[in-house]
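Reviewing the structure listed below.
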Amino acid sequence: MDAGLLAQYVMNGLMLGMMYALVAVGFTLFFGVLDVIQFSHGDVLTVGAFAALAGFVGLNALGVSSPWLELAIILTLAVAAMALLGALIARYLVMPLRSAPPLNTLLITLMLGTVLREGVRLFYPQGANPKPFPALLPRSSFVFGDFNLRLDNVLMLATGVLVIVGLQFLLNRTKLGLAIRAVAQDEETARTMGINFTAIVLITFALGSGLAAYAGVMNGLYYNEINFGMGLYLGVIGFSAAIIGGLGSIYGAILGGFLFAGLQTIGTVMLPFASAYKDVFAFAVVIAIMAWRPTGLIREKISERV
Amino acid sequence: MIRTSNIAAVALATAMLALGAVTADAKQKVKVGFIGPLTGGVSVNGIGGRNSADVAVKLRNADPKAKYEYEMTVLDDECKPNVAVQVATKMAADKDVIAAATHYCSAAAIAAVDVYHKFGLPVIVWGAVLPDITYRNKYAEVHRVNGTMINQNDTNAELISSLGFKTVAVIHDTTDYGKGHNEYFSKALAKIGKAKIVGTFGVTADQQDFTAELTKIKELKPDVIYFGGLTPIGVRIRSQMDKLGIKAVFDGTSGIVSDAYIQGLGPLAEGTLAFREGAPTAKLPGGKFFMEKYNEQKYDNPPEAYGAFAYAAMNLILDTIENVGPDRKKVVAALGNVKDRDSIVGKISFDDHGQNTVAVITKYVVQDGKFVEWQDSEYASGKRKLPGQK
Amino acid sequence: MAGNNSNAARAGLWPGFAAIALTTCYLAVLLAAEEQNVIIALLVLGIVIVVGAAWFGLFEGVNRSFAEREDAMGIFAIVALVALAAVFHEAHFVLLLVLTVMLYSVATLGLNIQFGYAGVLNFAGASFFGIGAYTSAVLNTHTAVPHLIVLLIGGLLAALIGSLLLLPVLRTRGHYAAVVTIAFALLFKTFLEVNDVLGGPQGMQVPSMKVFGWSFNDNIDIGDITLSFYLNYFVVSLLLLIAAFALVRRLERSWIGLNLDALRLDETAASCFGLNIARWKITAFLIGNFLIGIAGALFGMVGGFVGPNNYTFADSLILVSILLLGGIGNPWGLVVATFIVVVVPEKLQTIQEYRFLLYAVMVIAVLLFRPEGLLPRPVRRYFPGWRP
């Protein structure tokens, strides 16, 4: 295999990894703050992508035609809408169940995911069919031998990195980030210190859901298509990635995302049937990793043992 | 003097006569069935088929000479084998349904044929092209009015070879439909011997990401990418081909002959090849009549590629029931003797496996956002060139 | 204490009998109805009656009958089911629906042991069901193993694979086991789809059941009456359901059930008392999967077809919703919930498309407002005849 082809595979892997990492970070945020696994995260991603599409259709109807402007608007729209949705989910579905067994929260988020997914399928016009997503980024590409480097991929990768760096900055260098980390570590003490618990939870959920919306739009731009089932798949992978990396650790989530993408790419290259077995391979490795290090590659800081 | 009781008696008699007249005029209701993919990626074909069959039923009900009044029960097989088995069981288990026009998706049809045989429900397939549906078993209940994929793929291989393309990469979906296309295309291409297949890739019917397969294909540098599968993944593959900078001809089958393919790709669809058995609807013997009647009903969807066949299938069913009565066994026996029956798609004859022969294969190429017949296109005359065409 | 309530004595049989008889008649009418308006009217009537009965406290007597005279209730329920089958002896599709309910109930009973008693989350219920179904497909097609044994093998295989899956994550907390089962559920479907040996996405046909030469796929003709061939399967399913139900009840009341309950309620305390957590979790998972596997194997033969699309993650979620709706830990509640979840969307064609959405919304509502489910599990009865 020549260098050009190798570079192509690496690029494919990086793009996938970026998307998985964004979803995984969301899972980790939710778990860190409320000890809750928000299974509807993937489906929030789907709703975000569809919101962006609806926004695009609306903008077209209004006569806006500059791709950059459209992109900026629909991205803002999707992120804002999903941030709101995330906050609502936290307020009305997750927080009331804090005193119930954690299983109930897991189940309610799973069911919510189904509601969101089916809602898109049934209520968005022709929702059951895959929908073309507009190609708003420049389509030029640089060709290096066998390697086709597209400008839009580079842009998406770059902005994805910026978003993650921005998130790190938010969490580690701002007061809000400090509050979030405090709540994640110890709820009661944080409250005693005067941190508004409810507000922080809502903000964290909004943040994570906004990230999901961003990932959804990115996904739409990458494949030029969105469909109502995309969130389920991405959600499970993001979740597995977060688990591998260790729930509660942002670095772990990012690592897990790229690792999963790497596994899929290796599976593609090495195994005979290309795409067919790549998911089987990747999930099998996830199960194996969980058997070896159940709490994830980056250890949880606290553990409970009897 | 007219006694009250007499008046009452006369009134009663009149009422009974009137009632008798009304019931005598009311025709016996007969149920017929229709199964197709009404939701999901290929729903436009299913809905088009359903509307076409509906036209047949409506026309028959409006005909005063018809002996029975027909009611069409519609079920959705979602183009999935397991759902097809469920709805086939439901329809076949209902004793009131006498016969049905079934299936656009081959994957669904091949799974359901055993059910029809089990319950003895006579069916006529209207859109599925896999040969095995009629040829794997000799079920008296199963018939088909449209052609099989064998002829389609023969013509496909011929065109590719005659245009001078030397290398072909095959992508097919892993249902029996895609596998069937792969099998027959490979055989046809090998027989002609001018072009060879450099790689074969199986993909799942709902696969999202084809960068893996396409990157490997890029390495192989084929002239043509042959695609044996349906529209949803056809759209994805073609679009991702472009992203990876692969400049090969995209060569599809009847599975992508649908407006949804063009709508999904926009300008990228230009230059796609496709094939279908049967002449385009307008050129069929009864094409004009069918389109007229279809448009009268003002449906939201067009009949799509196989609507005419659905109409023909349902019409044949209705004709048979008129002849032998609403009895499943009699209909099965009657359908075994169909020879040179006139229909809007031409003459229908079922061979010993219930298969009709459709001689004409139409070659399509996408030109300016429409499926245009190959011989009428600018590609055939040389004004435009397919990627890599000399 | 125990035994001194001879005059307030044994709960009457009649409230329970009446409830079962009324329910069966209602079901018979519902299953026979064809017109959508009639069905909607029936459903509304049903809801009104249930709510009204609850309002008037009529359920008290019923609950007590079920709680105390359970064996009699069980026998009467069996009689009612057989009567239902007799009424519909010619209607293939109705019998198929009843069979689906029965076999899903068996599977959910298995899930109940895992989750309701031991607290082990299993999000791959449909996958283990599928393991059983594919076992019957493969063994029936390629070998001459007697079909009743095939059922057992289906169950054993599901149990085996389940325990292999669970072993690694036993030492961790609840949600990691959930993750593994979710990963497995997805892996299983993808594996089936890409694997041509097992038929790939096209699935496999399952030859019908033959017991001692009696083929299950032929209608039975007795004189003028034709009995649907589904009745053959009905007999076997009924036996299976009775066995599963009895097993679950006995298990609950036994010392094993006690251990499982302790395990679920507080792991730390339970292990302080000397219970080996890992061992009991595996046991519960094994037994549960065994039931699910047998139900799957039988269902494969009933339907005659197995395919990867039947055993997806969404289907596992349906099983979990049945469990939640019916009341975790209450077998009677399970059967009722299974009926609702399977029969209502089939009859009410208009909501067929919306059924996943509706289930999910119902479960969310249950979780928010009535987490114990429709028929919550009654308090454990330590002494026979004891009334709280």
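Letters are used for the chains, namely A, B and C, taken in the order the chains are written, and counting of residues starts over at 1 for each.
In this section, contacts are C-beta pairs under 8 Å (C-beta built on N, C-alpha and C of every residue); 3 or more make two chains touch, one makes a residue touch a chain.
All values derive from a computational prediction rather than experimental measurement.
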item: Chain B reached from chain A - shortest hop count over touching chains; value: 1
item: Distance-maximising chain from chain C - centres being C-alpha averages; value: B
item: Comparison of A-C and B-C by number of C-beta pairs in contact, larger one; value: A-C
item: Centre distance in Å when chain B and chain C are each reduced to the mean of their C-alpha atoms; value: 39
item: CA centroid of chain A to CA centroid of chain C, Å; value: 35
item: Overlap residues in chain A, where contacts from two or more other chains coincide; value: 273, 276
item: Multi-partner residues of chain C (at least 2 other chains); value: 193-194, 353
item: Of all residues in chain B, the ones touching two or more other chains; value: 39, 174, 204
item: Chain C residues touching chain B - in the complex, by the definition given at the top; value: 91-93, 96, 193-194, 196, 200-203, 205, 217, 303-305, 307, 309-310, 353
item: For the chain C and chain A complex, residues of the former touching the latter; value: 119, 121, 165, 167-169, 171-176, 178-180, 182-184, 186-187, 190-191, 193-194, 267-268, 271-272, 313-314, 317, 320-321, 324, 353-354, 356-357, 359-361, 363-364, 367-368, 371
item: List of chain B residues in touch with chain C within their complex; value: 39, 80-83, 85-86, 89-90, 93-94, 107, 110-111, 114-115, 118-119, 173-176, 204-205
item: Partner chain A, residues of chain B touching it in the complex; value: 39-41, 43, 174, 201-204, 206-213, 215-216, 218-219, 232, 235-236, 239-240, 243-245, 260, 263-266
item: Residues of chain A that touch chain C when the two form their complex; value: 37, 93, 96-97, 100, 102-104, 106-108, 110-112, 114-115, 118-119, 122, 232, 236, 239-240, 243, 273, 276-277, 279-280, 283-284, 286-287, 290-292, 294-295, 304, 306
